[in-house]
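What follows is a pair of complexes built around subunit A, which joins subunit B in one and subunit C in the other.
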Partner chain A sequence: MTTNQLRYPDEELRHSPFHERMVALSARDSWSAWNGYKLANNFYDGEYEYFCIRNMCGTYDVSPMQKYEITGSDAERMLDRLVTRDITKLREDRVTYVVWCTDDGRVIDDGTIFKTGPQKYMLTCGSPCIAWFRKACFGYKDVDVKDVSDTIAGLAFQGPTSYSVLKAMGLDGVETLKPFGIMNFPFKETELMVSRTGFTGDLGYELWIDAEHALDLWDALYAAGEDYGIQPFGEEALNMARMEAGFIMPYMEFAEALKTVHFEHDQTPAELGLDWLVDFKKPRFNGRAALLKEKETGPKYTLCKLDIEGNKPAEGAEIYSDKDCANQIGYVTSAMWSPVVKASIALAMIETKHKDGDLWAEVYYYKELRPYKKVAKCTLQNKPFYAPPHAKKTPPDPF
Partner chain B sequence: MKKYDAIIIGAGHNGITNAAYLAKAGLNVLVVEKNDYIGGAAVSRELEEGFTYSNCSYVCSLMRQVIHRDLNLTKHGLMIIPYPGSMTYSEEGEIFYNYNHSEVAYNSIRKISPHDADGLMRMNADLTRYATVIRKTLLRTPPDPTSFKPKDIMELLFLAKEFWSMGEREIYEYVRFFTMGAAEFLDEYLENDLIKAYYAVSGIIGTALGVYSPGSAYILLHHVMGDVDGSVGAWGLSRGGMGSISKALASAATEFGAEIRTNAPVQKILVKNRKAVGVVLENGDEIMSDIVVSNLDAKRTFTNIMDKDDLPEGIYEKASKFKFKGSSGKVNIALSGIPKFKGAVDNPFVNRSSAYLVGSMEVMEKGYDCWKRGRWSDDPMVETVLPSPWDPTMTRPGEHWMSCFVQYCPAELADGPWTPEKRDAFGATVIDKIERHAPGFKDLIVHAEIRTPHEIENEVGLTEGNIFQGELTIDQLLFNRPFPGYAQYRMPVKNMYMCGSSTHPGGGVSSACGANAAREILKDLRKTNTVPEDDCYDD
Partner chain C sequence: MQHFDTIIIGAGHNGLICASYLAKSGQKVLVLEASDRVGGLAASHEFHPGFKASIAQSINQFSSKIASDLNLASHGYTPGEAMATIGLSADGNNVSINGDTVTGVSDKDAASYKKYRKMMLKYSGVLKPFSLKTIPRIGNNSLAEMMLFGKMGLGLRMMGKEDMQEFMRMVTLPTRDLMDENFDSEVLKAALCWDGVAGSTNAPRSPNHSVLMMLYRMTGDHGGDHSLPSGGIESLVTALETAAESAGAEIRTSAAVKQITIDGDENGLKASGIELASGETFTADRVVSTADPKTTFFDLAGVDNLEIGFTNRVNRLNTNGYVAKLHLALSGLPEFNGLDQPDGRMIIAPEQDTIEFAWDDAKYGDAPENPVIEMVIPSLSDSSMAPDGQHVLSANVMYVPGNLNGGWTDEARQKLLDRVIDEIAKYAPSIRGQIVGSELLTPADIESNYGVTGGHWHHVEFSLHTMMMMRPTYEAAQYKTPISGLYLAGAGSHPGGGLMGGPGHNAAHEILK
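Our next item is the complex of A and B:
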């Protein structure tokens, strides 16, 4: 036992249920925070861990994510009113990706809804949203929202060999699990929920278990994964993988509407390229009228995927419609050199009316402390930068 | 019979690259390959069930990423994974760990020698400076220094500008560097023998030079001027083995309409009225085409598949004298488990990746002495690489394979020709050496492919088994490669070109030779260029 007394215990970040194992594998001791929990930036090297996702398999601790259990006979109605997608179509043991908006149609957050029982859902999202969800329950009699963030441990398990590891772990039947499907397996004296979901664009799963069994799950998974290259990965690797998959990140691509000061600094689903999540066939949902109005005129901005010439990542670049950089039409939200695609890629907010014209990025970079800039031609991409066919196969390819 | 716009002889990676860019420009292209598989020396083959080897080349760094990007090789299945680290063993079993991660590497070196940890930073800065200049020449056609054509003068000016940008003192250093020995160069920065030995390996791999021979410093640079995702000097593994590069290129080429025919060895390039007009296959088939591109090395091209009478004076002689000097062997070993090296730290980045069984620069030089006397080294330099812990596609889970690059092994033995017995004895020398450093290694062996220069020449078609298609010495580099006056991919017979590693920028899986040749061919045909500019000019 250590005799050191922390002077400000309230300032200390909390440890996720997997922390003990992650600390043992953290060669760099590099952490940041997520919802009050310690979150690994990397364990050894971000790019190395990124390649584990693309080449073998890796785990990412999603326990700090917010998890809400929504139950009751009115749970479906409440959720259907809350999010822009049609939740009445969501079958049991299926997961769906959703956004929810203010009455002005501005995105509050994105997340996933798991239908785990006839009147039972789990909603996960990046930031706490309990106050908004409680509000959303007004008027419904039988619905309960419970924050289960601290009691359910979550581990994203991603990469081409992930399926083979789950098989090696003895999860019989996991071969039939389709993308966005859920399966439950007995594990020790509890139940392990496996969903075929993830944030990397690769083959992958998310494993959900009660917090007290988290370390058992970790040990079983790592024992089964030893010959399949299993490694933990941190935020840096995740951010690379999600960018290649074209997924949006809060405070990169969008500002959460409820926390935004300026009324135009947040986004609508269509601006984020998520208009496919908005189901106007539903008669009522939060933001419907505003979004319908936007649909007529089209969104002012559209989030675009850009392939940018040259090898310099275009972080913070501004987008112009002309090579002389006279007419600014947008800005880069996330950018990187993609090691898999071998291209400089970016997500950028571009004025919709200009997005199909010429696009030029003014790219800023440093060489040994000296700033440089160059104007680089951008090519609009309609598909994710990296979407390997093996990611969606059922059953997945074995190794 | 169908007439083609272009026939490319040899489906090595440069031949296929060339075909891809010609086909992309709309040409009707045929690649003919003597083996029943494509790839040349960038090849992955399963010789034992469940084990795929990178049979020849085994790691990748020079591959032009702009070609990867331009031909969308990712879509065609290519992925290059950075390589995590290595261990270098001294004779006494002392180990130097080198990590891909720069901070971790610094700390590892500092434990052995604080002096060398600092010295290496300076050395890396110097090597990066040299590499930055030379990298810009890789996807360009060398100028002819005796020509007054505007394009040659422009290109000479480009080179002059790049060299001048280094500053006056560094230009002198660079010129000196080109004629230095690797050992001499390393002595300027380092004091520890083991660390020197590790870097000296890059100075002798594939070449018939010793660490003290003038010119081996350039070989060192040739091995560190590549990069993986901008990390200069880093090496990567091609997922699925080096054959994945050839396969991805072939998939891109055929998508553009190129045809690739295997089991089609060429007997002769047909020349009429001093113009190449097609090829004759060994089975007697004649295939006509407007141009003929040889991806074979300079010696095989001019002395094996061409008539001396079809060539202008001097060419046959130059080709005969082109320096090859086979000096390397390769042993690929299938393993039932992971080998355990003596004394290695419990860290997969080094103990499951690469072990350099080097000894010291003196041991390497003694190995070179054996080669000079027509024997393989008694105590050879062996670079072992374990791709399987980092690539799940090459073996079954829990099983592994090891690539061993061996320096030195002569193409011709003093005691008569190579025989299967001598080949196996060479393999035993290598395996015994690994067993000394990794006790129990032999018990893991499931299968081994042993390749001396003799096998490499006969199976791959590289003269004397020289991995670079000709030595990378200054007399055979840039505008001297393959011969002075013929460095721009056009050969002395009209409508005939070369696109292999015998041309600029030389050996290595870079795709640069094939792409550069395609650009020159398209220029002659007045077609729109399809070959991209390199992306390294802003570096």
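Our next item is the complex of A and C:
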């Protein structure tokens, strides 16, 4: 082995279809990994990029996300049993946010289902799930699940000016696209699929195109976005934005049930505050019996939104029912100083029976390498921290 | 549309037994059977003009409690006397095993056998309380359920420390180890092995559960010895049928169930009846299926109505049968070397390794070069099975894959038939001239003729992970299934297959609880 030979060639991170452009815009060259692809932590500074999303617009590469094409006359039935929501109600060119559970009602993953044709769906999710989907197909005669993660490029395009950029790019009719709607536009010799979806809580879209045309799409978008402050953003900015929107993140709020060892180290939808996704009017879906049982007694934990006194982000804090921190009743899963709310906010798993009582966080922080802790009062929030009306408007406000 | 308290799918012995208990308790019961006769794998059919046979050919653990509960004697069933198990030897030096006596072996082996038999009966006694009981789920158990587990513990303790330790050591041994520890005669060893491996994907060297299987089979009335009722297997089936009918159950044959009707609303799913292949429908408070679990869940209930983990667990159940059935129509009573009368259960397996090698062939998809065979002449106890003076030879042939490499072509079938007859002729040289007709049913034929997935003897392989509260798999192991109102009661449920009646009996008790 010569000294400059790769030791683990198969472990080298792969480049997403947008990589070439992202590399050119990366001042920090700061990457982590997502499903074997390089994922930008930031391009320059996470907080700066966060402000771009909140004030202008930005792109986030969702190509490493897992994408599955599900087709066949049994596709609807298979999906309807798989997820807790009623898929029979999903119309063509619409998207829905879903979770799917084990037989025991523990969340395997969350994701979105796009109905792209009469017997055709695209399901996207954070980590590979093909083995479970294959199991879910067993016994149906006509359903096929194909992993299209590598062939479809995805670009989240979020922020208040995003709509104007798409208009400037020439996507006629995009003004009629409603939240969770899908529209297709001819693009070069292919088709561009635009969905009004996203993970930032703001106005935003996700753009889907075959991988070969990814760079063309990037160039067209950045050319149109020049005057609208378009910027790429990375994981750090996304994490801030999604926290304010109250969205959950795998391995922060929940542990995928097929990967946990301890039977209580994963969560049910209700524990994650996703009981609204569970449609008990539906007689069949995976985990139903277990979830119905849980419904009778209520979930053991509930994911709560907290406004925490003071300005220290409460990352890793434990939650108590008393100021003396004698009775621990929960733990923070994600926390930040929120620029829009101007408060220290957190998502926390709290024992349901205690969530409406006194809540105290023991917050740990550092000052010039010295560890400190303080006890801060928490206030339960029932609404997302950030849900601006302009995010849902159709047609959206132009700039 | 007619409504019943319970609809039972399948009129095998378990379906009939379940029907009797339920009807006796006052329920309105309908039994639906796909084929044109009752009995399932125990049903007799004419395989050659004037000659009849059934797939299950002898009885070794039919429950005497069931026989008396259902008063089968009054319906014409008389249990047979224990018959000898005979390990055939081509030179006529056959080994005959009868109760605790064995002949045709050294004095040493004969003495060892007495001790062995005593020990085995003691150990099988530990398993006895379990056959006619629902085995509780693991977790939150009631006192009564805990007592059942306690009984086994107590049974073990009562044997004393030495026996208990020995039981624990022995129960998961390969049969071969147990035989080699106790005996010298290969013919004896191979014959004794048979009940540890019959109907399974085990051979004498297979680890883990073949000794357990032998013990299990020994929990029957004659300590595991086989018998034939005086009216043949058919008399048992007829008795079960008339018992069910006289208790008030309605039995319909040629009535294949196409699907179980499952209603769904916000309360979940509930089995509410069935639809026949003819399109006719019936409603019921509950549906009991004695079809095998794969047929029940995949074909009749549908995966739509079941959860993903559960369906895949059922799919993983081993349902590959490896027993073929040979029926010979004979012009006279065959003569076996060294035997006065072929009135025992005769086993062709000269060595334990003959069984092992036959399995080796089969597990890679080939028919065995040297098949091993268990035979009875049922027409000796039931003269109605063959014309006067003529006879039927019924044989279980192991190990024969249902999914043969190259498929079951006419040629492959003929080849196996020739091989099996050649093998039998080594022990009964004149038999060839007596054959007037024959039928060979591979596991694939048994699957298609009897509606049993894989043609498996026990519907589902009988192994440690599919026993007791794991049979056929958790969440369907207490006769209830994840679908409210749908029950299992066939051989795929505890205590398993063989003409025993345990599943039908236990399911009825679970329903009547």
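Rule of thumb we're sticking to: the second predicted complex is superposed on the first by the 391 of 399 C-alpha atoms of A that agree within 3 Å, B and C clash if a C-alpha of one lies under 4 Å from a C-alpha of the other, contacts with A are read in each partner's own complex, and residues count from 1 in each chain.
Quick note on the criterion: contacts are C-beta pairs under 8 Å (C-beta built on N, C-alpha and C of every residue); 3 or more make two chains touch, one makes a residue touch a chain.
Computed from a predicted structure; not experimentally measured.
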item: Clash or fit (per the criteria above) of subunit B with subunit C on subunit A; value: fit
item: Touched partner set for A:Ser164, first subunit B, second subunit C, both or neither; value: first
item: Superposition-derived comparison: subunit B or subunit C, residues of subunit A touched; value: B
item: Contacts of A:Gly287 with subunit B and subunit C, given as first, second, both or neither; value: second
item: First, second, both or neither for A:Tyr140, with subunit B first and subunit C second; value: second
item: Once both complexes are placed on the shared chain, angle at subunit A toward subunit B and subunit C, C-alpha, multiple of 10 degrees; value: 160
item: First (subunit B), second (subunit C), both or neither touched by A:Trp132; value: second
item: Which of subunit B and subunit C A:Pro384 touches, first, second, both or neither; value: neither
item: Distance in angstrom between the closest Cα atoms of subunit C and subunit B, superposition on A; value: 40
item: Interface residues of subunit A shared between complexes with subunit B and subunit C; value: none
item: Footprint of subunit C on subunit A - complex, ascending; value: 77, 81-82, 102-103, 132, 135-136, 138-140, 280-281, 283-284, 286-289, 292
item: Of all residues in subunit C, those that touch subunit A in their complex; value: 263-269, 298, 302-305, 307-312, 315, 482
item: Residues on subunit A engaged by subunit B in the complex (per definition of touch); value: 27, 44-45, 47-48, 51, 54-56, 160-161, 164, 168, 227-229, 309-312, 337, 339-343, 365, 367, 372, 374, 386, 399
item: For the subunit B and subunit A complex, residues of the former touching the latter; value: 65-66, 68-69, 73-74, 79-82, 84, 100-101, 104, 228-230, 239, 349, 389-393, 397-398, 535-536, 538-539
